[in-house]
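Quick heads-up: structures coming right below.
Shared chain: chain A. Partners: chain B in the first complex, chain C in the second.
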Partner chain A sequence: MAGNTESNGAGPVKVARRGLSEGAFAWLLVAPAMAFIAVIVAWPLLETVRLSFTNADLGGEEWVGLANYEKLLGSAKFFEIILRTFWWMFLSVSLKLVLGLVGATLLNAAIPGRALFRVLIMPPWVIPVAIGCIGWLWLYNGYFGLISGVAMRTGLTDGPFEILAYKTSAFYAAIVTDVWVGTPMVSLFFLAAMQGVNRDLYEAAWVDGAGRWYRFRRITLPQIMPVMVSMALLSAIWTFNSFEIIWILTQGGPRGGTTTMIVDTYKTAIGNFKFGEGAARAVVIVVLLAVFSLIYLRVLSAVNKRYGVK
Partner chain B sequence: MATLDLQNITKTFGAAKVLHGIDLAIRDKEFVVFVGPSGCGKSTLLRIIAGLDEASSGRIVIGGQDVSHAAPVDRGISMVFQSYALYPHLSVYENIAFPLRVAGLPEAEVKAKVGRAADILQLTEKLQLKPGQLSGGQRQRVAIGRSIVRNPRVFLFDEPLSNLDAALRGDMRVELSQLHRDLSATMVYVTHDQVEAMTMAHRIVVLNKGRVEQFGSPMELYHHPATRFVATFIGQPNMNLVPATVLGSDAAGLAVEFDGGHRVVLPVEPGNAKPGDRVEVGLRPENLRQGEGLSLRLRVLERLGGVAIVHGQSADGGRICASLAGDAAVTEGETIGLSFNPADAHVFDAEGRVMRRRQAPALAA
Partner chain C sequence: MMDRYSPLQKAGLYVAIAVFLIFMLLPFFEMFMTSLRPMDHLFRSPYQFWSDSFSFEAYSKMWVTVPLLGRYIVNSIFIAGSVTALTMIFVVPAAYAYARLDFPFKSASLGIFLAVNMFTGAVLLIPLYRVLNTLGLLNTYWAMIVPGVAFLIPTGIWLLRSYLEKIPRELEEAAFVDGASRLYTLRRVVLPLAVPGMIVVGVSVFIAAYAQQFLFAITFNQERSYQPLPAGLFEFIGYQTTTWNEMMAAALVGVLPVMVIFLFLQKYLVAGLTAGAVKE
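The block that comes next holds the complex of A and B.
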């Protein structure tokens, strides 16, 4: 007891030992993390920015100034890719959020076997993306795929339909797969948020005569809104950067029909060995994602304020 | 406002029976408190009245209308929850207005009703704030406001003060009693705190293990507890139970000898008590004073100013607590004598049944 009283009365705890000031000691503590970030994040980022001002390829590199950016921003194809990327992101994220919300609501309902259903939605998220995508490749295959088979047998198509062979169908097929992979996690986040809502709120509303839909609209949705906003914006960033699903299904084809910015960057830098031009594309992505992050933080803080989360 | 009748209410959860046939008739405009230890079934009973849980059997009749299977909103009740159950994302105004919005009332009427409730509860200045910006007592008032605007026939309160600190609880008790008078409403209030029960209730229902031990006015419970359980549950500090042996009975009452050797004749109806039977004599701490009689080896002394609470051991090794004058000349470690007026004593037989007291204060139920 006496010891506690003394240390409480001594003011700020003294960390300055062996001549280190408090500030220096704090820097010392974060130094390992800073070094790690410098090597893993900061250096590659700066190197990418430097590369974007060169014409680096397998034969060497020369400083070309803004030439890569001029070429990029002057290209109609690049704007097409940007629009496609945003359309891809908008559709995929919207579907993930809507399906995630429906799924979470069903999983949160007091139904028999609820625990089993909660486990059953996990596989798309748990199994490796590559394996899941190979499953989808089979489904989309025109000759032995399930979808084409059903379409033929029900008379929807006259013959085998190779879904991934056409620009439009390949694009939407890729979205379906992306949604399939991404929805379970959104559902689980929403479910966790729903379970965090105080049950008394529902009972109080029930006593006041509020029906299911009213309770969902006036209590559940506002209560999970901060999580929904977080998931919407994080999911937007992840979907924007989504690479492996498109690459495994179509490699950005047919004829660029599923090429998003991240796929375009890969194809340019790694496929065509134009490291400089690829780096310029990567920098554009970084800038766009930085803008997203900024919007995310602003919106999240506004939503938290609006919905009473401190 | 309305009467509330519970007829043979039972409730089982799986194999566990938590309510064993509760029968209660609560009068119009009455303030009734359900009190009992944790797990006695008081909150379950309240939830059954509210319609949040369904009784396994029995009937609930509010204002002469059987509402046993009606939805909560159709029962004419409103409920204040222990956690307040305020909607954190809505302002105080919208929280209070919630039931009116559900009912689809026009805005002008909502405004008038919320304004009136806010006036009664002194919340007018706080209407635009969020619940998170309010103190515990203010949140409690918002929860009450939400139940007032519905103009219910019966108000239900589920341990509404248990999240408040002691000082605020005292203030809110007074406010709730005042509110009851202002609204002239039938109120059912659940608590585990017997002080809340004693101070606010017209009548108290003491529940124990899913059964009604006693239903009566606070002073009736205090002076005429029906069972040993009620006797020890009501009163602060708790009643002392001192073991004794029956020596005999006559017109004056029951003669007993305490295990410490002290003999006394207690003015109670002896019933079937025979010499040699073991009984427990219930003595409230506030009825004990220094004098000849029981001996007490004083272990702990708590001086509260006006009174001094002493805890110690009696001659037979049992624990005794007494409430003496604040400046009583006693010290820890000494042995003191305690006397009492035999008319103040309660006597319980081996089964915990009380022997009726002959000289206890008359009661107005």
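The block that comes next holds the complex of A and C.
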């Protein structure tokens, strides 16, 4: 548009004809996305903070100061939910990282068929989480599901075992499904990092007589360490936020056995219409996530420094 | 030489890969087998691995049991498609700015975008509900599209930015020196070169948008005929009378569109997603 007319009359002088400075032009390009985020994410976030100081529900709202927070922090149940959330996060993330590392190492081996195997690990990530969970729901069925069926046939259990009906088994079942959803992405990133390692390093070590395990420990692991650290922390954030899996499998039950902070927030705000109390829970989550992110950035820059990434 | 395995090592590798793949694919396999079994074979306890009458009957009966199934699948594609189109409109200019230009608060504003990735819609549902209500968007397709776009913009900017950074600067600089304006350079020089990257990012956004259609749908939309597949199917799950074979058939048919797209483009998608993990 304007560009055509401007360029026609252009002489040798390059600076004078450009009306828009680089900074102004850049902000013009970024502004629409920024405005959208401001309305749909930033403003609701501020509104959540405000609501957390009220007793908002379907009937209206009144300022109650810190009452919601006092109630929350004084409740043993909330403390239990925080502990459960961290246990959920720790277990699930550890399993994803270990499986992801094992999976990436296997898929990185130079054997026929590896291109196909790499495609075959991705479906859990490609399909909608909710659809995968419907499959798991049936697998976990105590009377007719595959898992309980195998347990009965092999004599592991005497009769039907309703996996999702008991606090402990439901919790670990939800973890298995969460790991199933998260592992493909972790494997994929580890694999990409492994393939980025300079082959000369391996060849030099090999010539010196280093075995596979030695090469893995002394070359692969340190080389992919920055990716492992960033994946660990990103995965922690995603796992902390995991909602759909738990909601579809157990809705936070049985008797709260799978209620993590996210599920608790949803149940309070949307299930029981206690908007104010739900908002206070959301604020606690946001604060925790912000702390994570700070730790994340600190650790990442320390790791990058240590392993010589710019 | 270095990569050679003994037959025993090779066998071990294949066994380990098989175990890994069984974990990843078991639910799909079982969903498929379930979809082939007649109902009375499904409700046999203890579980029986073999049924003597496998059939594709569920694939025709499901359209009757879930009358809006076709609609749900179309909705899913429509919502994911709209989310993708809108997201790209926001992402392309912003990603270009972050890849190429220097401006005040560049890293701070990029940090704000990336911080959005730390939240899930679940913590913002109440105010988001009110925003959508004020805008009159509740119980419309927009109720699912608008939040979907917001939560995908950051990832889109991040992915496309790293792609754009790989395009050589010389072409732009040449056009710029020749007197083209910034906007002209962006439209006529950069965008055509960025088409492959935009396709990769667009498809990644589409898959993500297809995958995340549950929470916003069950919270912001009560209108059944607008529901996407996961939310639509969820209504039929968990009752004593759930026709599991038909649910599985419906679920498998419903994920077919994304699976096909993924299979055709997987090589590019994987490269695009993991660009940041590989050192240059």
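Quick note on the criterion: the second predicted complex is superposed on the first by the 277 of 310 C-alpha atoms of A that agree within 3 Å, B and C clash if a C-alpha of one lies under 4 Å from a C-alpha of the other, contacts with A are read in each partner's own complex, and residues count from 1 in each chain.
Everything that follows uses one rule, which is that contacts are C-beta pairs under 8 Å (C-beta built on N, C-alpha and C of every residue); 3 or more make two chains touch, one makes a residue touch a chain.
The structure presented is a predicted model; accordingly, all values stated were derived computationally and were not measured.
Colleague: Kindly classify A:W27 by the partners it touches after superposition: chain B alone (first), chain C alone (second), both, or neither?
Modeller: second
Colleague: Looking at A:L156 after the superposition, I want to know if it touches chain B, chain C, both of them or none. Which is it: first, second, both, neither?
Modeller: Once the two structures are laid over each other on A, A:L156 reaches no partner at all.
Colleague: With the two complexes superposed on chain A, say which partner A:V291 touches: chain B (first), chain C (second), both, or neither.
Modeller: Once the two structures are laid over each other on A, A:V291 reaches no partner at all.
Colleague: For A:G196, select first, second, both or neither according to whether it touches chain B, chain C, the two together, or no partner.
Modeller: second
Colleague: For A:L83, is the partner it touches chain B (first), chain C (second), both, or none of the two (neither)?
Modeller: neither
Colleague: Contacts for A:W206 in the overlay, against chain B (first) and chain C (second): which applies, first, second, both or neither?
Modeller: Touch status of A:W206: both partners.
Colleague: Check the contacts made with chain A and report whether chain B or chain C touches more of its residues.
Modeller: C
Colleague: Touch check for A:Y214: first (chain B), second (chain C), both, or neither?
Modeller: first
Colleague: One more residue to check, A:L66. First (chain B), second (chain C), both or neither?
Modeller: It touches nothing on chain B or chain C.
Colleague: For chain A, what residues appear in both contact lists, the one with chain B and the one with chain C?
Modeller: 203, 206, 309
Colleague: Looking at the complex, which residues from chain A come into contact with chain C?
Modeller: Going by the criterion above, the answer is residues 1-4, 6-7, 10, 14, 17-18, 20, 22-23, 25-30, 32-34, 36-37, 39-41, 43-45, 47-48, 51, 56, 99, 102-103, 106-107, 109-111, 117-124, 126-132, 134-139, 143-146, 148-150, 152-153, 160, 180, 183-184, 188-189, 191-193, 195-196, 202-203, 206, 227, 237, 241, 243-244, 248, 262, 265-266, 269-270, 275, 278-279, 282, 285-286, 289-290, 292-293, 309.
Colleague: Would you mind writing out the residues of chain A in touch with chain B in their complex?
Modeller: 198, 200-201, 203-210, 214, 218-219, 222-223, 225, 306-310
Colleague: Of all residues in chain B, which touch chain A in the complex?
Modeller: 50-52, 71-73, 77-79, 81-85, 87-90, 98-99, 102-103, 130-132, 146, 150
Colleague: Enumerate the contact residues on chain C facing chain A in the complex.
Modeller: Within the complex, chain C contacts chain A at residues 1-3, 5, 10, 13-14, 16-17, 20-21, 23-28, 30-31, 34, 42-49, 89-91, 93-94, 96-98, 101-104, 106, 109, 112-113, 115-120, 122-128, 130-131, 146-147, 149-151, 153-154, 157, 177-185, 187, 207, 210-215, 219, 229-231, 233-234, 237-238, 244, 247-248, 251, 254-255, 258-259, 262-263, 266, 270, 273-274, 277-279.
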